[in-house]
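Just so it is clear, A, B, C and D label the chains in written order, and each chain counts residues from 1 on its own.
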């Protein structure tokens, strides 16, 4: 077992000659909340996209708990243990809340039931469905969404949609959770609540979390360590206090 | 020799396909929708020529003007009534609506004009230019020349005029263009006007080679022209021209071999293969879906 | 036993009951000798149309991809099933032969469905639609150019017509099987995965859904039943002619699905029955060039329904005035979703609407055209 | 919710039982739908719309005319006839419905379908009910496969071999063939033509499918031929000829089969004029639409007088006219032999047996499409073909 849950080695990508991200080295220890910050266009989401298999990295590679995942498809990477949320929420809008979470439980071997068992309605199907539903309810309860479980996802208020997306990601049973700007569009009160939720998730699920965020209060409130990206390059990394006081970081954020 | 003559008769069909494909590619590139009814607007144009030249006995050039004008009006009406309400809806909804409009036009034409074949031979250009052993029809030359002129004119229009640049902007990113103050609805309307006028012109060229007018005359050429537009790279104006001519040549070569009966199947197979192997076509730009 | 009855979700079975009752009524009348040949033929047509519409709904309504080649799959089933029957069956109405024909015809169509599912992995939206259209035309052309000994060529394949007093009953049994397979599939984790792909393919991938597998499953199941409908067709007619299975036929099936509501199986059943009935009635009423009035009406229905269901400007209007709201008012259904039994808000409550993956912003702006080996097609 | 459903199911079951009981009482296994007829009903299915409508309309008009004439003559001892028709739009899927509605409406004898592909479906359906039909124009070889089916027109194979015999006699080295590959009529004639053609004659072949209307490639391929056999319908033939002006030698000959019929009758809103075509146009036919004597002339005069000069006039119509009369004369002969054998409420099957005996037993008929017409027991017609020149080369 590797010391780190996630370890990226010289990760980089170029689009048609433009190097969007270069030489990104992030090491995240177990149970850590790790922040990835940087100005707009710095390549943060691109890093997420590489880690989840949306883009194939041009340079370098990355390991999850010592296992190299570079080159796998999104589905496989998710099954190996990286789950994510999106900057602009991507729920299954026309499905009910509970079904959104149940899709997340799809690959869990505990609820395995093949196509023909479902069609023929063998006992295994009913067992799997019953257990998946129970598990989904547990998860929804944790996020305070139990009452809304039969709503269509797009009818939920914004804050609950964010929570649902996190619940769905957790349902896939990840080792590492990637949160892409979870606090975007939230008011301070909601942000505060979200911080509690993220901490709770870390403690309750023993989760390791990597998050992109602009809201510095959230970053300084919950992150253990940070990496700052600017123009695709690592500007600084380390503890929160140390990084945020780094003159280069201040310059990148505030300009000259 | 046989091969050269196949290429020349391929140019004859290819010219018409190129003409239709130009309209297709404009609309697809800018409005981002597959206008299934494009082929049927050609049919409307052909019937207008029939009404003007045969029924009303007007001079040919008046008939052509009327046909192009009516096609343009049809284009505007279709866009306003059927497509504009769906701006921002799923592409699938727009596609199904376009199929509906195509059906609607065919059914209307049959109710108004009957299903029997009409003939308009006044536009036929007979005779051909002889170069040694090969001969090229004048109609082919006219079609190719006009298609080339239109292609150049469209390219210049898009590159040099304000409306043209607005079209480019809308085709790149509709929302961003809107934010930059481009009137997206207006630009799409202009696109449809140009596309439908081109369909009218295509109707004229169709009747230059073949006098038959039926309610379904636009359906197959429409789909074939889409194939041509895909071969050339959808959204690319020179690509439509290249694709149209290539498709015409492929068709002519197929028709001269013993597998002639499979011509349509072969063309469709080419479409599938190109979409799978190189969806951006010969001259098209490849875009990436953003995440 | 009582508990069991209590737990049964009646709502899930009402369409089986309705279809079975319908078949039973006419089956009993038919066996008593009270049905005209034309009624029996109409019932066969109903069964064929329902199977076609429900199976197309799997791809269009649940997977969210437009298929314009459904008649092509039906064509494969009709020719293969018809050929099997004409090779094995020499005039006698043998139920075993019919079953075998259904299995073989359906399976061959399913293989084609699988093959067409492959492009669906790379292409989406209108490109895929045009590929399915092309596929339908290719299949038709190939069967048309076969020799007269193999598949009848231009004159079509001569097939044994199954005894019409029984065929429609068999047809409705196939309808029930089709309903059972599609509904059981959709009401399981597999169906959830398929609708997840429809709602947001990118999120579905990120959630670990095997998109490749489920797209292929949806296309294969859909094609299988289209093939089954084709076999029924070949047994309900004496000739199978490739010209029947053209693009217009695919559109007619699409009209049924759109009219019934994409993603609504009950809607598909009702719309398929209604349109088939109207078709048969109108074909004797409308003659001359007015016969296309039918097409005109379909075209108008198609355009109006799609605009009504999808136009962004009509959103509020739609939410206030729709059939379901009206039904709710009449039956006074429980309004509060949290009070509902689990899973009552199932997929058939999905409004007739398909969300495609909208283009979203990235945190990096790339002006150059980009080669991305993983993602083709979509532009 | 559950209660509602239970009630619903219960209600349904009651309805099922009630309806079943009702039907079970009323049904009595009667299958002779003609039992209430007051006239003999002749059924006809044909394309009254679509690309082939010109044939369907001519057939319907002519058959109606024949029925009216027969009724004016008093029918068979006062028993009159009635024609019912159905628009099958040249689509075989519609035939089943049309057949059922006519059969259940009391149809006792039929002219089958006008076009081949739908007629195959019709033939199979009518064989099941043992309904006699004599088709004016469905020419596929397999149409009269069952013993209840007869043709008034030449079968495709027959046309193909007759045409080939004619071409063989011309002594050409090379001929062109232009056919429609997805049309059973065209392909059927083509196959038989090729099989019967002298092997010493080289053929240059071109074909088209579907709605194609730009034939430049095909014309290009056929350009060197001075004799082109075109077993296609007249619509695409007109298109071909118009496009081929100046490319195919002016002294060439276009030779078609019965599908050419109608090519020379200018319709009011078509600008096609056969006289603008420089080449010679000939066809193989059993009817001369420019006939100046005999039954054909009489038919043409009556037809034009009744429907006007712009109504489609072609051999299909003439053939239908003859069909109705052939059925009439055969029935009349049977009636005269045995007064009880023919009556208006007789079942289609009974009538079919009588007519079959008559047609197989040397029944001979003279009409607009030939004299001394006989039928073989296979259902094929036996009569004289005429090579008919529509227009000479300029």
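Everything that follows uses one rule, which is that a contact is a pair of C-beta atoms (placed from the backbone, for glycine too) under 8 Å apart; a residue touches a chain by one contact, two chains touch by 3 or more.
Everything numeric here is computed off the predicted structure, so don't read it as measured data.
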Inset, instruction - Sort out for me whether C-D or B-C is joined by the greater number of C-beta contact pairs. - result: B-C
Inset, instruction - Select the chain at the greatest separation from chain B, using centres from the mean of Cα atoms. - result: A
Inset, instruction - Round to the nearest whole Å and give the separation of the Cα centres of chain B and chain C. - result: 32
Inset, instruction - Please report how many Å separate the Cα centroid of chain C from that of chain D, as a whole number. - result: 36
Inset, instruction - Return the distance between the CA-based centres of chain A and chain D, expressed in whole Å. - result: 72
Inset, instruction - Compute the distance, rounded to whole Å, between the mean C-alpha positions of chain A and chain B. - result: 47
Inset, instruction - Could you tell me which residues belong to chain B and also touch two or more other chains? - result: 110, 115, 261, 264, 291
Legend entry - Two or more partner chains touched - positions in chain C: 141, 144-145, 202, 289, 292, 353, 355, 360-362, 366, 369-372
Inset, instruction - Would you pick out the residues of chain D that each touch at least 2 other chains? - result: 49, 181-182, 209
Legend entry - Contact footprint of chain B on chain D as seen in their complex: 49-51, 53-54, 181-182, 206-221, 235-236, 238-239, 242-243, 245-247, 267, 269-272, 276
Legend entry - Contact footprint of chain A on chain C as seen in their complex: 180-181, 184-185, 188-190, 192-193, 195-196, 198-200, 202-211, 217, 263, 337-338, 340, 342-347, 349-351, 353, 355, 360-366, 368-374
Legend entry - In the complex, chain A residues that touch chain C: 15-18, 20, 40-46, 52, 54-56, 73-75, 78-79, 83-84, 86-88, 90-96, 98-99, 102-107, 111, 113, 115, 118-121, 125, 128-129, 132-133, 147-152, 168-169, 171-172
Legend entry - Contact footprint of chain D on chain C as seen in their complex: 6, 10-11, 14, 17-18, 21, 24-25, 28-29, 32-34, 36-38, 41-42, 141, 144-145, 153-156, 158, 161, 236-239, 241, 243-244, 280, 283-284, 287-289, 291-292, 331
Legend entry - Sites on chain B touched by chain D in the complex: 5-6, 8-10, 12-13, 16, 50, 54-55, 110, 115-122, 124, 126-128, 137, 140, 206, 209-212, 214, 216-217, 219-220, 251-252, 255-256, 260-261, 263-264
